[in-house]
Every structure is written in C-alpha cells, then in structure tokens.
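Look at the two complexes coming up: chain A is in both, with chain B in one and chain C in the other.
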Partner chain A sequence: MIRMDLSKSPYIAPFLRNRWPQFLIRAVTLAGFIFTILTGLIGSEVGSNNFAVIFVWIAWWSALKLFFIPLGGRSWCSICPIPMPGEWLQNEGIFKPRRFQSSKRKNWPKALRGNWLQAFAFLLIGLFGAVILTSPRVTALILLGLIIVAFILSLIFERRSFCLYLCPIGGFTGLYAKLAPLEVRAKQSVLCAQHGEKTCYQACPWGQYPLALKSSANCGLCMECLRVCPYDNISVNLRPWGEEISKGSKPTLDETFLGLMMLTTALADAAIFLGPWGKLKAAAYWVGTSAWWWFVIAFLLGALFLMPGLYLLAVWSSTRLARSGSTLRSALTYFSPFLLPLGLTGWIAFTISFAFTKFSYILPVLSDPLGWEWNLLGLSGKASVGEISPLSSFLQVVVIAAGMFWAARTARQLSSSHRQVMPLVMFIASFGIAMLWLLVG
Partner chain B sequence: MNRITILVNSLKSFTTQNWFSIFLAAGILWLPLPLPEKPPLERHIRIEASTYQFTPEEIHVNAGDRITIELVSTDVIHGLSLDGYSLVMRAEPGQTARATFTADRSGVFRFRCAVPCGNLHPFMIGKMRVGSNIFLIRAAALGLLGIGVAMRIPSTSFRRPDKGPL
Partner chain C sequence: MVVSRVKKVKQEYWARAILLVLIGAALLIPFAGKWLQAVLDDFPTLVIHARMPENGGWSPNRITARVGEPLKLRLTSEDVIHGFSIGKMDEPSVEIEPGKVVEVNLMFNQPGTYTFYCTRWCGENHWRMRGVIEVVGEGTPVVEDQPLYLKIGLDIDAPHPAEEVPSNSVDPQQGSTFARLLPSYAFDKQTYRTSSPAKLWLRLRAEQKLIELSDDEIWNIVAWIWEQQTSPELLAEAKQLYAENCAACHGETGKGDGVMVRDLMPPDTEGHSSGERTRPPDFTDPNHLFGASPALLEGKIIRGGMGTGMPYWGPILTNEQIEALVSYIFQFAWEK
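Right after this comes the complex of A and B.
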C-alpha cells in the first residue's frame, strides 16, 4: 500500500515538530474568531453585508468541506480556536505540552460518550440552518456559545471532551476524517510497548494512544505525540483515500447514526438553500410560525425516522437475502462505512453550488466588514449575484457519481454476494439521484 | 518501486480493466440525444417576487421560445438574474419590469434575486427549464454506471471486520 511519512521530509518535518508555526496559525484563527464574533454582534444585520456570515458560512465552511477534510481529515481541529483558551489553561501555558498525570479533572461520563450528542447538535444546526447561516447575530452568538461551553467543559472535564463528544463540527470532521489521506500512527509497536511513561498518551489533548490508533476519527492531528516521543517513533502518513474503511474499521451505532444525520442534513440543506421552493425557505426561516412548526415536524421525521428507516430496511433486506444469522444491530453498524463516501461527496457537491455562487461576497466584506458603508479596499458593493457555471454543474455530477461508485464499492466489499448488496445499492442510488435532482435538476 | 510508478501502474490497470465503462461514461456525458423538440412559441410570463420567493417558482419553456418576462415585486425591491443568459432585471414595488429574450440554450437554469432584500436574499432562487433536462438524465446514468462498475471490481485488498461477512 502506498504510504509516505511526512515526518521524515526535511521540508515538512520542522513545521510539524516545532510548536511555533502551529501557534502562529492558531493565533491568527483566534484573532479571526474574535473579530468574527464582534462583527456579527455590532455589524450590519444583513447577512450578505456582514463579515461574520460570509467568512464563517461561505469561506470557512466551504474550505472545511472542499479542502481541510478531503485532504487533511481533522486538520482544521489542529488550528481551531474554540478549544484553545481551555487547553492553554489545562496545560498551564501556551507552549507547554500537557503535564503528566497532573489533571484533577473528571472523565467525560460514559453514558454520554460517542457521537450521539454531536449528531443531535448537528441536527439542531440543520434545523435552524436558515437562520444560523444567514443571521450575523445568531452566527456570533453560536460562536460565542461554543467557545464559552468549550472553556467551561475544559475546567470540569479531562482534555478535549468538548471536541470529542459535543462539538457538531468535530462530529462532522471526525466522521469523514476516516476517508482522508492523512494519519498519525506509531511506527514500531515494540518500542511503544517498552516505553513505560507513554509520553505520547500523556501529552495527547485528545486522550489517544498512537499505538492503539486504528481510526483517525478522534485524532486532532495536533502533533503533540510526534513532539514528545523520545524514540521518534511516530509517523505522519499520507495514505490512499478511504484506506481506513477498507481496512475493516469497526464502526459503532452512534457513528452510523451520525452518518445518517449527515445524509439527511445534506439533502435538507440542498432543498432549502438551493431549491426553488420559497415556501420551504420561509418556513425554515421564520422561527415560531405555524409553517416553521410544520417544517420542524417534517425535518425531524426525515432525520430520525425516514432516513434511518430506509437504511434499516436496506440492511434488513440485505441480511435476509444473504440468509445471515447476524443481529440487525450488528448489521446496521457493519455496513455503515458505505455511508461515509456517500455523505462526503454529497456535501462537497452541495458546497460547489452553495459557495461558488457566493464567493463574490468575500472581497466586499473585507472592504466593509461591518456593513457600515466603509470602503477600505475599494471593493465595497462589488458583490455580483453569482451563477452556477456549466463547469460547476459538471463537477457536481462527477463528484456525486464518484461518491455513488465509492459507496457501492465499499458496500460490495462488505457483502458476501451480489444478491446481498442489492438493497444497499438501491439506497445508494436513491440518495445519489435525489442529490443530483436537487443540485442539477 | 517508486511511489509514482505504483500509482501510474494502478491507474493503467484500472483503465485496462474498465476501458469499456470509461468509454460508456464519455458517451453518457457527451453523445447527442435526438429528442423530439416542440416548435418555438412567443411567451409572456409574469413572475411575482416577494420576500425570498418567486411565483411561479419553476418555469418550463421550449428551446427557441421568445420569452417576455414581466417581473412584479409585491413587497420590497427585488431583482431577477438568470444564470447562463446574462439577463438582469430590477423591479420596484408596484411597478412592472419587462425583459425579452430567446431561450436558445437548453437545460435547467436558476434565476436569482439580484437586489439585496434580506437575510435569505442569496438563496431566493427560481428555476427555468428549457426543453428536456437531458443533463439530469445523463447525470443519473453516470451515477448508475458508477455503481455498475463498482459491482464488477474484484476486492483484492479489502479486509472485513473480525466478525466476517454477514
């Protein structure tokens, strides 16, 4: 299998091993984060004129789906400003690694572990998406809320509990990080086994032990293990896309549920933001009206019953066709890896439509970040309406078709026969064609 | 062996095994489909723009139709910009804006509000379909072809979880 250890590269290794480059990027993202909250709170209430909305939901949210996750998995988490203040407090310094066995903080409750809370948090973002993605005040309050919650949780609980169990974006990136071509792993297991102090585990803000890492879902690529390992026994590998799911990862029920939530929200967002249905947009936007309550009912029915129900039906049919004696619960998790390429490509295709038409808003809000009719760069008022070009549509089709291929291939490899895979393939085809209809139909 | 050589070899092997599917994919995307087309007409279409909504939200016309759009705003100032046609209109409340053009490009085109009208303004969208939406048919066929190819590819490196196949 093709692999390349970036920690051996003379050009890349210094950037990974030294804490300064990461600190500088984190300082910039933290400053940008604070600036975003301020512009959201005091700037124009019109979303398209405010830096907060355009930079968070057009620039950053698109960069996450088109760049950070497909190329680097959880790489955004290594420079995310949200857990920074809490982490610095836990480490009792900005440049220090975590102190060994110093923490008196609690472990995150076992009952709340996994991706369940993240899945419901992401569901809430989907439910209120029309307001959150367009209102500067709400965007600012959400960001402020996230940093406050992350800080408070870092005072009570060990390490990055917020990122691991609560952050909706962490759930999104963690899930699709399994497909990404980047991983941190131990080189020689025998060296780790002989090393009594386990400095890598002690220093890891995510509580991961590199020797035991089978999945990149919960590795934030912070590189602390690389920095503290006395034996230089940590590698940062470039690997083929999707290798982790084809190496027989063991998904859990919460990951399966999160994967299904991502499919539902991708479809819902495509319908709300890119569809021509004005009544649907109004229902999603005007919170508290009777139309909004109908929207809530439909959204929750779709997310909690329809999508999981269709998946359950496909998996149940699949096990029946194979005359397998396995339980439905184990089959639900066993087949779930195919949801990942389907979801990631769905989100990428959605982003092409969502963001490409809105990129012209970025420079004008740099010129007038608060929407106060400033013209700092001479670019204010230059935002165009934007349009979907034939190339963008073609890209969307190719991305969705590639996702259908990838998902079907994963499902086929997990199945024992063509007969068994058929219901899963029907699920994949239904989702893919529904996305195509919403995006280019 | 050099990593690039391995990559090139895998691509070569994939192309050799799937040359027919690649040929088919190119055909699905670019081969002309001789679908019957209706004769062009002269059409007058009234579109009402209200906050975040165009009514009607979808318009179907034939390729070659000569179309006059009457844009009426029922609340604040709205606009209409049609993807692919360089058509931009602006309607003050209570006044009708008109524009005429020939629908000489087939496919589905979004029209969008061209004047900031509130928070959901960037997503105030309508759809105009000119002729049949062959592109969607091609796209769906390409997706299904992808699934078909996936069914043919033999599994060589896949490791199932410990439980084994269900």
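Right after this comes the complex of A and C.
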C-alpha cells in the first residue's frame, strides 16, 4: 500500500518531534476554551452575537467535519484542550512524558469500554441540540462540564479514559478517523519486539501500543510515541482515504451502533436545522414541553429502533441471499464499515449548508466577542446570513453521491456476490436519497 | 546531563508561564473591556435587557431617575424584536433588535411615575411587558384627573345591553338637519360622555319637540352627535392606535376575532363572570355597543382587566387618545 512517512520529512519532522509547537497550539486552544466559556456565561444571550456559539458551533464544529477529520482523523484530539489540565497533572509537568505506572490510578471499568457511552452522549446532545446550538449559556455550561468531568476522571482513572470512553466528540472523531489519510504506526516490528521497555506504550496517553495499532480509531496523534522511541521506529504516514475499512478490519458491535447513530443524528439535524418544518424546530427547541417529549420519543425510536432495524433488515437479507454460513450477529459487525463513508459524507454535506451560510458571523464576533457593542476589528455588525448558493448545493450532491458510491464499493468488497450486496446498496441509497432530499430537495 | 536537565526545567517553567499568561488574558479581556467601557462613557448608563414576558420581560423593570438629569439607557433584546416607548409621551418608539444595543437618552421635567412598555407584538403576553420609571426631584408632579367613570360611579363590569338599536343604517348627515330642534343638553359634551347611544335615543324620543320625527330619524341625530365629538384626524390617529394595540385581540374589523383570541370561546353574554378567558365582544354588534356610554368604554380602556386578559392602558395612552379610540370603536357599530 502507498504510504508517505511524514516523520522522515526534514520540514515536518521537527514540528512533530519538538514539544513546543504542539504545546503552543494547546495553550492557545486552552486559553480560547476558557475565553469561550466566559463569553458564553457573561456575554450576550443572543447566540449570533456571542463568540461561544459562533466559534463552537459554526467555526470549530465545521472545521472539525470539513478539515480535521477528513484530512487528519483524530488530528483535533492532538490539540484539544479538554484533557490537558488532567494530563499535565498525571505527567507532573507539561514537557514530561508519561512515566510508567506512576500515577497509580484505576483502569477504566471493562463493562464501560467501547463506544457505547460516547454513542449515548452524542444522542443526548442530539436531543438537546436545538438549545445547545443556539444558547451561549448552555454551550458554556456544556464546555465547562466537559472540562470538569475530564479533569475529575483524570484524577481517578488512568490515561485518557475520558477521551476514549466518554467524550461524545471523541466517539465521532475516532469512528471516522478510520477513513482518514493519516496514521501513526511502528516501522519495523522486529525492533519493537526486541525492545523490552516499550517506552512508546508507557508514554502513550491513550494506552495504545503502536506495534499493535490496526485502527486509528483510538490513536490521538499526539506524537508522544514518536518522541520517546529510542530507535526512531515510529512513522507518521499519509495513506489513501478509507484504506483501513476496505478489508481486514474487525469492527465491534459498539462501533456499528455508533455508526448507525451518526446516520440518524445527521438526518435528524438536517431535518431540524435545515428543514422547512417550523413545528419540528419548535418541538426540538422548547425542552420540557409535550411537543419536545414527542420529539424525544421520535428521535429515540429512530436512533434506537428504526435505523438499527433497517440496517438489521438489510444485513439479514444479505446473509439470506448469500447462503453463506455466517451468523447474523457476526454479519452485523462485518458489514458495518460501509456505514462510515456514508455517515462522514452525510455530515460533511450537512455542514456545507449549515455552515457556509453562517461563516459571515465569524469575523463580527471576533470584533465583538461578548455582544457588548465592542468594535475591536472594525467589523462588528457586518453579519448577514448568506444565501444557499447553487455551488454549495452542487457540492452537497457531489459529496453525498461520492459517499454513496464509496459506501457501496466498500459493501461490495465485503460481500461475496453482486446478489448479496443488493440489500446493503438499497440501505445506502435510501440514506443518501433521504439526505439529499433534506439538504437540496 | 546536568545541563540538559537544567534546560528542561527552564523549558517547563517557560511553558507554564506562557500558559498562565494566555489563560490570564482570556479571563481578563471581558472584565477589562467592561471596565474600560464604563470609564469611557460620558455619564452612567443603565443596561436594560428585553425578553418576552414569559422569560422575564424588562430587566430591570423599575428605574429611578431625577428631574432634569439625563438618563441614558442601553437597550438590548435577548430573544425577538421588541420596542421601547414611554407612556403618555410623544417620543417615537425605539426598535430593539436581538443582540443589538440601542441607546436612549431621556430627561424628565416633572416628577412622577412613568410607564415604559413594549411596542412590538413580541408574544402572547406582549402587553404585560411593562416597566416603571420613578422620577423624583423638584417640580410639580404630574397629576392625573380622576377618570370620569370613577367620578360618576359607573360599574364598568356590569352587563350593558342596549335598550334600543337602529333597525336601518344610520345617516348622520340627515340627522344634522334637525340640529335646531334639539334641546341644549344634546350639545353638551358631558351628555355624550355619560350616555349610551340607546339611552340618548330614548331621551330624545321622549322630547315633545321631536315627536314628529321617525325612530330612524332620531337614530340619525344620535349618530350625528357621536360624529360631532371627533374629527377625521383624530379618527386616523385612533385607527393607527387600534391597529397597533387592539386589533390583535379585538380584530381589525372590531368583530372580536383577532389572531390572539381565535382559539378562545365566544364572549359570555351574561358578562365576564364565568372566570374563563373568552373572546372580546363584537364591536360591530349595536346590541352590545349601543348600551355602553363613552365613559364606560374609556373606563374599560383605562382599567382593563375584565377577566378577559384586557390590558390596562391608563398609564400609556393620553386622555385624548383614549377619547379618539372610543369614537373609533363606536364607528364599528355605526357603520353597520
């Protein structure tokens, strides 16, 4: 397979190896994070005039889906400020690598591992999404809650338990990191096998052992292994998109469930935020009213039963058509990789119309972050909702079509015959068409 | 080895220092900015947040000011577009857009209690969105005349069915031709204000001088008297006031079918005693309206609160505006 090792590049390697560049970015994101919480709490209560709402839900949320994940998988995790205070405390310093078994903290309970909690955390955000995305106060409280929970968990549990098992964005990012064209891997397995100390494993905040890395889902691209390896045996590779999912990956049931959840939430968000249904918007917004409870019931039915049910039906038909001996249970996870390109492109397409029309808000809130009529950059009050241009509609169609093709190709690679793939293609087509109808139609 | 450890320790401290400076800046910027803004302002300002009444209305909703001293308000809305205006003053209302700040400079010449209120239909309870400015200091306070309905002890909550109603459409022009036959009280404003059209009709019907006239002709006289109390200019102003403040419930055509009350039950003809909110009565129905005197309608506008959700307009509309509105309301029935 084609690979390009960035750690060999004389231009890029120093930036990965030296702790300063990453630290400076993390320091800025942490300060920005604190500033965001503060502006959310004390600034204007009008979302479009508050730095917190615009930066978190327009700038960052879009950048994550359009830039960080498609180009770098978990690259955001490598500069995310949320786990940093806890991690620095665990390492007893900013520039000190993790010491082996130094912290004597507990291991995360086995029963709670996997993506289950992250999937439910993401579902929870979906249920309150209309309020979270528009209210600076609620946004700030959620960010504050995340950083407090991450800090407390780092005092009790080893390494990045929060990122791996709880962070809703971590689940989202890790899932689609499998598609991304960036990976950290060991170069020569012989060297690792002979190395008794396993300094890379000791230093890894994510508890990964680079030699054993098959999937990028749980690698936070923090470059600690690269820095501590005495043999320079770690590579940071550019690789083709989606290479990890085409063959040989062994997805688990929780990943499958998370993948389906992402499809449901993409559809739901497209319907709530971009659809023409005022009643749906109102129901999603007025938390606690009877309309909202109906919305919750519909959302949960869709996320927990309808979407998994349709997937189950597609996979079941597929196994029936193949007459291969595989059980339904193993087929459910076996075919799940095709959900990833479908979900990622769905989210990208959603982001195109959600964010493109609102980018004009970003500079004005830099000029007046708290909505207090400041004019730091002379750009205040210039915000205007952009039009949905034919270009962005065209881009959406292209992205979703590409995603459907990509998903169908993945499904075909995983199945034994054209006959067997048909039910899966129907599942893919239904999602793609539903998404197109919501976004462009 | 020692050198590199020292270098590492130094790096660590540099990193911590940079982190502290950045976080410090993040925490300081909002507060420093707020402080600077307060310092730069020429005189103290008061920020008033506007929210839909369900979410708190004006906050603060009680302000104190001194006579002759400038009061600078910074108004900002946190949900929808609101309007700001002060009752009984001629200042045009100010629009408050969500997230924007508008400044209003006020100065009061007389002590007293002023009511400020929202001028935009911001929600179901829009009219509840009011606040008070208490102006203290030297000067003669604003004194309001006691409303007529209180002076004459009118029970504005009692049912007031009309004893008589016109059977044909009225023609005030024709009524004016009998002006010279009319008794002097017919030209007295006090008579107009304290009599319902039906009462005045009965009184005129009993006049010996008018015995020759038909019932319709007497109605034409009453209609003419009502017309005399107002002018096209006043009616035009009243029409505007009615559209802004009344039509949402009473309906643009006075039928009591405005957008805010369409889901409610029709009005209880026994009076508003059942306790349940009902639609307002139909102004185009002479059986209802011609039993009411102008003083009675004025009272209802001033005091509000008939158990129907009717707001009180006493602190907001001037007496002239209320009188013009009453004439405008009677027109709904006259024109039928």
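By definition in this document, the second predicted complex is superposed on the first by the 440 of 441 C-alpha atoms of A that agree within 3 Å, B and C clash if a C-alpha of one lies under 4 Å from a C-alpha of the other, contacts with A are read in each partner's own complex, and residues count from 1 in each chain.
Here, a residue touches a chain if its C-beta (ideal position, glycine included) is under 8 Å from a C-beta of that chain, and two chains touch if they have at least 3 such contacts.
Owing to the predicted nature of the structure, the values given are computational and were not obtained by experimental measurement.
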Of chain B and chain C, the chain that contacts the larger number of chain A residues: B
Chain B versus chain C as contact partner of A:L153, first or second or both or neither: neither
Touched partner set for A:N49, first chain B, second chain C, both or neither: both
First, second, both or neither for A:I2, with chain B first and chain C second: first
Partner chain in contact with A:T134 - chain B first, chain C second, else both or neither: first
Chain B versus chain C as contact partner of A:G93, first or second or both or neither: second
Chain B versus chain C as contact partner of A:I234, first or second or both or neither: neither
Which superposed partner A:R412 touches (first chain B, second chain C, both, neither): first
Residues on chain A lying within both footprints (that of chain B and that of chain C): 45-46, 48-49
Touch list for chain C against partner chain A, complex: 8, 11-12, 15-16, 18-19, 22-23, 25-27, 29-30, 33-34, 37, 49, 76-79, 98-101
Complex interface listing, chain A residues touching chain C: 19, 23-24, 27-28, 30-32, 34-35, 38-39, 42-46, 48-49, 93-96, 369-374, 381
Of chain A, residues touching chain B in the complex: 1-2, 4, 45-49, 130, 134-135, 246-250, 272-279, 281-282, 285, 318-319, 322, 324, 326, 330-331, 334-335, 357-358, 361, 385-388, 390, 393, 397-398, 400-402, 404-409, 412-416, 418, 420-421, 425, 428-429, 432-433, 436-437, 440-441
Residues on chain B engaged by chain A in the complex (per definition of touch): 3, 6-7, 50-55, 57-58, 79, 81, 83-84, 88, 108, 110, 112-114, 116, 118-127, 133, 135-136, 138-140, 142-147, 149-151, 153, 155, 157-163, 165-166
